Amino acid sequence: MLTKGRMEALSDGVLAFAMTLLVVDLALRPPGSPVHQFVAAWPAYLAYVVSFLTIGSGWIAHNALTDGLEQVDRIFLRLNLVFLMFVSFLPFPTRLVGASLHQGIGAERVAAVVYGLSLLAIRLLYFALAAYSRARHLRQPGTEDADMRESGRKFRFVVAGYMATILLGLFVPTIAIAVYLAIALYLFIPFRSVIAELSGHN
Amino acid sequence: MLTKGRMEALSDGVLAFAMTLLVVDLALRPPGSPVHQFVAAWPAYLAYVVSFLTIGSGWIAHNALTDGLEQVDRIFLRLNLVFLMFVSFLPFPTRLVGASLHQGIGAERVAAVVYGLSLLAIRLLYFALAAYSRARHLRQPGTEDADMRESGRKFRFVVAGYMATILLGLFVPTIAIAVYLAIALYLFIPFRSVIAELSGHN
Amino acid sequence: MLTKGRMEALSDGVLAFAMTLLVVDLALRPPGSPVHQFVAAWPAYLAYVVSFLTIGSGWIAHNALTDGLEQVDRIFLRLNLVFLMFVSFLPFPTRLVGASLHQGIGAERVAAVVYGLSLLAIRLLYFALAAYSRARHLRQPGTEDADMRESGRKFRFVVAGYMATILLGLFVPTIAIAVYLAIALYLFIPFRSVIAELSGHN
Amino acid sequence: MLTKGRMEALSDGVLAFAMTLLVVDLALRPPGSPVHQFVAAWPAYLAYVVSFLTIGSGWIAHNALTDGLEQVDRIFLRLNLVFLMFVSFLPFPTRLVGASLHQGIGAERVAAVVYGLSLLAIRLLYFALAAYSRARHLRQPGTEDADMRESGRKFRFVVAGYMATILLGLFVPTIAIAVYLAIALYLFIPFRSVIAELSGHN
């Protein structure tokens, strides 16, 4: 009898910890005056926000997915651990982005591409989790909540966006980091809810 | 169906890790004899205590806020993640304070101001969470507990105090850190309960 | 009255953090071009995956073990803490493997052997936990689930495999890391479930 | 209405994380051959085990204390956060012990004394928590379980032992670390249960 509760507890733990660990690698590396250091390190701060929002969106989507599960089987449990492995790996490429600054365009390219591949892998593994739970009837069809439907609708665009930006990163790595922020915000913001909210509907 | 339980679990996880991570950056940097190192690094230890008590007060206030929630909507969930992002960012400016010591007044000023802005941002985001939950009727009016009422009463003074101390930090950064401790203690200590306790009431 | 719930919460916390902490020590140490750094550091990445999967398998087995417990006694509680101590120690030998690269065969040998001993110790302590719970009748006989039976079946082979690979590590340390991956995958993958899945049975 | 459940969740999180963070600071600092490095760094490994077992004993005692609480008041909540602050501070003096090796007897003395004071502070704050809960009738008298009674019986000896060893650390710091291990084992091992177990009683 596999317990959904402890799988959720472990997942929440790993996701919360991966979010919080991102700050450990924030550093002021470029030389210069204190204010200049802050300004020159902007891609590192950007990557921090992108990674935090990406893990945050992943947590919302994971929450929506497991909430509706009626049971968990042994393969789902392991697939979930592989998903968590990629999420908890994200602080490493995030740090790479910060460390690559001012080390030459070569280092920046490697960092931007590895970072993009890591973001893409998290999304693909989440998709595999959702597809497996559907294929094995671990959840009742038609029980998706608003977050899960939105995650499904956005999936195709997000994967295409990541792929294009990985290519872009080979040429202009710092611009690619800015595009990853746009994708992270697109994933994070529930546009329909915000519009409904602004127009006075519930 | 959004689960309040997992939002609380993630929040407790992030707040607990952010508190504990503060210790990673404590270091003995100034040269000199071992005892002198301890004494000379006092602003770093002060910032550790300020950050711990600030996150601790944030946890108490967050606890009091979510306890009374009857439901959580999709926007609240994301607003909460942004609040957590600023809380889990706090170890970085805390480390800046320690690292800026003995690097000249310029570095100390930047550190004190960035630190104050981070403390202020956490408070403002908590206020946004509380205001949103009221505006959307996520909680019944009049169900605030003692911690939440106290947090509300202190809000104006704390924001004014942070703003004044950020300005102060531009001139005498180490004194500003000491004032942040006073604000953290003011936030942390439940004066009315302590007085009631001392005067023998329950 | 000892609470199983909080023991599980602490265990999930320690296991989740130990998994996530592994990433802190991933670093690009060998000199050279950025792409070359990635390629040359392969044993460090391999050790990351091995450690993650080993802790993941440990979590699954621990989950299966404590799920069936009817009670927890004071000695089990402490034995569990010793098990957690060895799990949370694993990031250190994992980092050793990465740090030993390009420091000469002597450092690599020490790293591979210490790493293997740590993996073995985790397995032996898990076995001690399971044996103690059986000896003290903390669980009903015959209530083992599929994960626990599989963990029991694989135990002998895994211990023999670790011992042989520790010896191998004295001669060809980087090959030993690759063999540890094979053992981690053998522990992690539920072959019977996968075969049943592929052949269309539930 | 203060929730005991979230206080326990935060406490378990901070304790689990403080335990796991100890490994971050384990390092091979003294120069020499790889095997020599391991042997020469023994006080660092000893301090790792002492800190882990001390936090582990603190978790068992905290568990026993909060388990019997019928209610939590606002002051208890804050006292508990101060207790957690000292627990989560422990990785710093533990790291100091490791870093002080081979830096001269002066650094080792400072490290051993700061370490001992930190261990003592954790114990005293736990005592304050227990005393406050009794004074405010947060728990029914006579509901202490075996772990809490044992913790109470050992308290006086442990405080005296810490004080004597802090003095000892001023003269022979590495011996003091070994004595801290003896105290940690004395706190950790439930002698009466072990004896009952060995003599065949339940």
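As written, the chain order gives the labels A, B, C and D, with residue 1 at the start of each chain.
Rule of thumb we're sticking to: contacts are C-beta pairs under 8 Å (C-beta built on N, C-alpha and C of every residue); 3 or more make two chains touch, one makes a residue touch a chain.
Given the structure is predicted, the values throughout are model-derived calculations rather than measurements.
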Between subunit A and subunit D, the fewest steps along chains that touch one another: 2
Most widely separated chain from subunit C, with each centre as the mean of CA atoms: B
Subunit C against subunit A, contact positions shared by both copies (same if over half, else different): different
Superposition of subunit C upon subunit D: rotation angle, C-alpha, nearest 5 degrees: 90
Geometric centre distance via CA averages, subunit B-subunit A, whole Å: 26
Chain centre separation in whole Å, for subunit C relative to subunit B (CA means): 37
Interface hub residues of subunit B, defined as touching at least two other chains: 9, 13, 17, 21, 24
Chain contact topology (line, ring, star, complete or other): ring
Touching pairs among all chains present in the structure: A-B, A-C, B-D, C-D
Residue numbers on subunit D that touch subunit B, as the complex places them: 1-3, 6, 9-10, 13-14, 17-18, 21, 24, 73-75, 77-78, 81, 84-85, 88-89, 91-92, 96, 99-100, 103, 106-107, 109-111, 114
Partner subunit C, residues of subunit D touching it in the complex: 8-9, 12-13, 15-17, 19-24, 26, 28, 33-35, 38, 48-49, 52-53, 56, 59-60, 63, 67, 145-147, 188-190, 193-194, 197
